[in-house]
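Consider the two complexes below, in which chain A is the common component and chain B and chain C are the respective partners.
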Partner chain A sequence: MNRKILVGIFDTEEHLVAAVRQAREKRVAIREIYTPYPVMEAIEAMGKKSRFTLAAFLYGLFAALGVLAFLYYTSVLDWPLNFGGKPSSAFPSFIVITIVLTIFSVTILSLFTFSIRAKVWPGKAYVLPDRRGTDDKFVMVFDKDTLGQDAPAIERLMKEKGASEVYEKEESSENVF
Partner chain B sequence: MTNQDITIKEYTPGKRLRAISFVLIAVGLASLAYGFITDPQRAWANLLLNNFYFLSLGIGAAFFYALQYISQSGWSAQFKRVPEAMMFIIPVAAAVSLLLLFGLDHLYHWAHDGAADHDALLAHKSPYLNVPFFAIRIIAFFGLWILLTQLLRRLSLREDKEGGMRFFERSEFWSKVLIFVIALTFSLASFDFIMSIDPHWYSTLFALKNFVAAFYHGSAVIVLIVLLLHSRGYFDGLNSSHLLDFARYLFMLSIVWGYLYFAQFMLIWYANIPEETVYFHSRWADPSFKFLFYANIVLNWFIPFIVLISQKADKNKTVLMIVCLVLIVGQYVDLYDQIFPGTVGRAAFGITELGTWLGFAGLFSLVVSWALSKAPIIARNHPYLSESVFHHVH
Partner chain C sequence: MYNREIRGPLVLGNKNFGQVTADILKPLDTPTPRWWKATFGLALLATAWGFYAIYVTVTQGIGTWGLNNSVAWGWAIINFVWWIGIGHAGTAFSIFLLILRQKWRTSINRAAEAMTVVAVGCAALFPALHMGRIWLAFFIIPYPNTRGPLWVNFNSPLFWDFIAISAYLLISLSFWYFGMVPDFASVRDKATSRIKKAVYGVLAFGWTGSTKEWLRYEGLSYILGGIAAVLVVSVHSIVSTDFAVSVIPGWHTTIFPPYFVVGAIFSGFAMVMTLMIIIRKFYKLQDYITDSHLNAISKILIFISLIMGTAYATEIFVAWYSGNEYEMFTFFHNRITGEYTFQFWAMVICNAFIPQLLWSKKIRRNLSIVFIISLIINLGMWYERFNIVVTSLSKDYLPSSWASYYPTWVDVGIYAGTLGLFTIGVLLFFRYVPMIAIHEVKSVMHAGENHTKHS
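Moving on to the complex of A and B:
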């Protein structure tokens, strides 16, 4: 059986941010928020911290070292060739390839990391509690079961903070195609 | 909230700063005099190096200023008086450059009488590289730079008095003109002042590299002046978002600088054509110059790049200030490595070098603090001022 969720619809981002802050203050777990565009204040208010930049940095570091090691292995250790009297270990000429492959690795690995963390991949059915969240409304979603007895209080909280509509529904995923 | 609600302080340079500036100028003059008595060639090289150094800071500031208008950047609007004040070093550099015209004989091989007689390449270049045309070019370049930067300054001051969008639009237009003029004239000026020291050698990336160095180190000095003024109680609107943006500027420019520096070196190293590699040979044969060659990369690319990767470090004023100070040394090392092998021939560093740089630094701080005191430190009627004060990035 699908889970029951509590959905709040807000008309402006300010109201949404206020509701998020209030809910966080009361230590109520917010399941997710959906906004038509990135609202940085809401993301900050959700208390979400990203270690994405650290991951990207590490990918870049290891990619650069890996590419340099590979180039050293191929052109010095395994199969040294004489190019116009150049030393086999031609470090400056390795750099360009290293830069290009580092950028490539960081991009691809970051994309995969993001996909795994956000659980999105091609052809996956998506969860959209309210379609208007992609249009001009700001949507806030709570898990009804984890709320338990707090549910009416949360309903009131959202209305107080300016929700234009609050309703319950069963969560369902829709197919893209 | 409107612009009128923002408190705007007038800047008055402290007595101590003025006194220090004058002492530094005196030190500079004394060490230059000492240099001219002991080793005129070296003294002229120092004059050229420091003049180009501080000229590049002024040009870099002018480019930074123009870029803010062209991109219609809001975040930097409250700091625009700083690059504006730095532009005032250009007329000073013009005066020193006129002085340099008397020392061409000591600096440039091509300026010697009869240099082109037995040298096919110099003879080929002589329609361009000759003393009268050199003087005409330098005067024309400085004329254009002074004209355009002073025009922008006057528009900015009139905007303070009268307000309205008119001055912003006109500043934007003249900023567009300025970057085209700088692109052409500063390229040629770097050819004239520096690349013609080694007249047999040429590099097409040379101008771009020196232009980016000017933009890079000009920006670093802008950041440094903003931070210093902030620590004295001005620019109380400076927040972590501004610091992040300033740091991103330096970070981005460190990459561009490193890219161009490496591209110039790598192509010459890889092609291995004697007439090109001779430039780097003369910088590698001497261990001191070789040390400076690597120090240049470490100071101007490696340290800023590694330190400014982290956003936490970007928002730290002390870290940012240290990076700016590293870059101030970095620009000196870069220019030293370009100028000294061809003029002095050995890596000499003594009273003349240190004293002359200090003298120019004193002159720079005197001129910039004077220009800053001539107008309110924040441009009151700038259309983006509110955006700048409430700037917030994530």
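Moving on to the complex of A and C:
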């Protein structure tokens, strides 16, 4: 059976943020917040942190070392070419390729990381409690079962903080096709 | 951050979020306009001519081009550098303005990025065709092979170019595409037809706008933005090393990398201006692409034009100051005067002098004149590349090898073909993709008001 959720619809970011703050003060677990653009306070309220930049740094570090090692292997060990007596291990002329290939690798790996961690990919079935969340509304969702007896209080809280609508529904995922 | 108002409102008309979505998605729902179909038809004709010219090139070889033993690089390289230059604007706009936290970029970056992707695609066509046997183009990919095993020359700027352009195409494509994912979700969720919902649903990657997604999305934007900023500078520096590491008079100068990068951004911004005026005019998006936006681009164009003028003057000064007779000859007898005088002065007038008209507020407000100036800049930038490529090669150290250069219809055809392809790409973008980054505009539309603190 699908999970029951309590959905609050807000017209403005300010109302949403006020409700989020209140919910945090009361230590109520918010299931998810859907916004038409990134709202930092909502992201922070969900207590989510990302180590994406660290991951990207590590990708870059290993890619740079990998490219330099590859260039050394091909140009010095495997098949050294003599360009007018210039040294095969031409570090300065390796730098450009290293920078560009590092960027290339970081891009590809970051895209995959994003896709996996944010769970977005072509044709993915998705859970969108209210379609207006990608247009002009700010949507706050609570898990009805987790709330238990607190549900009416939360409903009141959202309305007090400016929710234009509060309703219950069964969570269901949507398929693209 | 983002608490001060400097430029006035970024979105006019006191709109709410719903109106923003509706306004920007309107061209996707309305019937295709007649001007669109007419331009598309013309672009198809140009592209068809281009494909025929490519067919001739591939089947008969690059002997069908106007190249000769002295001028071994002609229109293909000129057009390649020109297109890559135009392609620089998208990334420059998005990345540098993102890093500098310039909010006015939000109405413009999507179109600039689209333009980048199409322009870089057009650019990549030229070196590929210039290889002669395009079916052997994979030889340039470094992998253990049965041909030696011989590796490519990692010290060659031509190889750097290949890597740089591939990386640039990938990163600008991903930056553009992932920028659109939340907007595709908006299209999907407002779609009424099943086909549209399915198509944009696939494109939207199951985006919902949850905090989990936005958190990583912001991370991805800054990572791609940060590394692409380095890439923008390095790609055109690399293009310039194609010339600068040689010993040809007029090419062998250390000014080339910054000169090329700035020139690229110049032509790119000019092309952005051209497109923005078209979008404003035909799609009536004046509330989003405001006079203030165009004014800001005009001011950037004046500034870059001054840098270009300084670069031209510096080259001439260094040629004289070095006392090198070959450099002196190239600049004073083969550019300022001589066979290619017209191209040289066309470059100087179009790039260094005419954009100075934009100092006048009256001219900046007259969009017809600004539109013409933006076209003139791109013409001037084409002449700049002609100057660099042809004048230096046509007359170098050995007078017995001197030769003039004239393009053939095949050269012209391929160029026209890329213009057609570019137009087709841009028109498809106008028609099927939200032209303005909806979610980004929404995030800055109350800029200046005290309560907006999102970054």
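Here is the rule we use: the second predicted complex is superposed on the first by the 175 of 177 C-alpha atoms of A that agree within 3 Å, B and C clash if a C-alpha of one lies under 4 Å from a C-alpha of the other, contacts with A are read in each partner's own complex, and residues count from 1 in each chain.
In this section, a contact is a pair of C-beta atoms (placed from the backbone, for glycine too) under 8 Å apart; a residue touches a chain by one contact, two chains touch by 3 or more.
Because the structure is a prediction, the values reported are computed rather than measured.
Undergrad: Overlay done on chain A, so just call it for chain B and chain C: clash or fit.
TA: With chain A aligned, chain B runs into chain C, so clash.
Undergrad: For A:V100, is the partner it touches chain B (first), chain C (second), both, or none of the two (neither)?
TA: The second partner, chain C, only.
Undergrad: Determine, under the contact definition given at the top, whether A:N82 touches first (chain B), second (chain C), both, or neither.
TA: neither
Undergrad: In this superposition, which partner touches a larger number of chain A residues, chain B or chain C?
TA: C
Undergrad: If you stack the two complexes on chain A, which partner ends up touching A:Q149: first (chain B), second (chain C), both, or neither?
TA: After superposition on chain A, A:Q149 lies in contact with neither partner.
Undergrad: Would you sort A:N2 into first (chain B), second (chain C), both or neither based on which partner it touches?
TA: In the superposition, A:N2 contacts neither chain B nor chain C.
Undergrad: So in the superposed three-chain picture, is A:T35 touching just chain B, just chain C, both, or none of them (first/second/both/neither)?
TA: second
Undergrad: Return first, second, both or neither, reflecting whether A:I108 touches chain B, chain C, both chains, or no partner chain.
TA: second
Undergrad: Starting from the residues of chain A touching chain B, keep only those that also touch chain C in the other complex, and list them.
TA: Common to the two interfaces on chain A: residues 40, 43, 53, 86, 90, 93, 96.
Undergrad: In the complex, go through chain B and note every residue touching chain A.
TA: Chain B residues touching chain A: 262, 265-266, 269-270, 272, 309, 311, 394.
Undergrad: Which bits of chain A are touching chain B when the two form their complex?
TA: 40, 43-44, 53, 57, 84, 86, 90, 92-93, 95-96
Undergrad: Which residues of chain C touch chain A once you look at their complex with the stated criterion?
TA: These residues of chain C touch chain A: 16-18, 20-21, 142, 148-151, 153-155, 159-160, 163-164, 166-167, 170-171, 174, 178, 181-182, 185-186, 188-190, 197-198, 201-203, 205-220, 222-224, 227-228, 230-231, 234-235, 238, 241, 438-440, 442-443, 451-455.
Undergrad: Please output the residues of chain A touching chain C within their complex, sorted ascending.
TA: 13-14, 32-43, 45-46, 48-50, 52-53, 56, 60, 71, 74-75, 78-79, 81, 83, 86, 90, 93-94, 96-97, 99-101, 103-104, 106-108, 110-111, 114-115, 117-128, 131-137, 176-177
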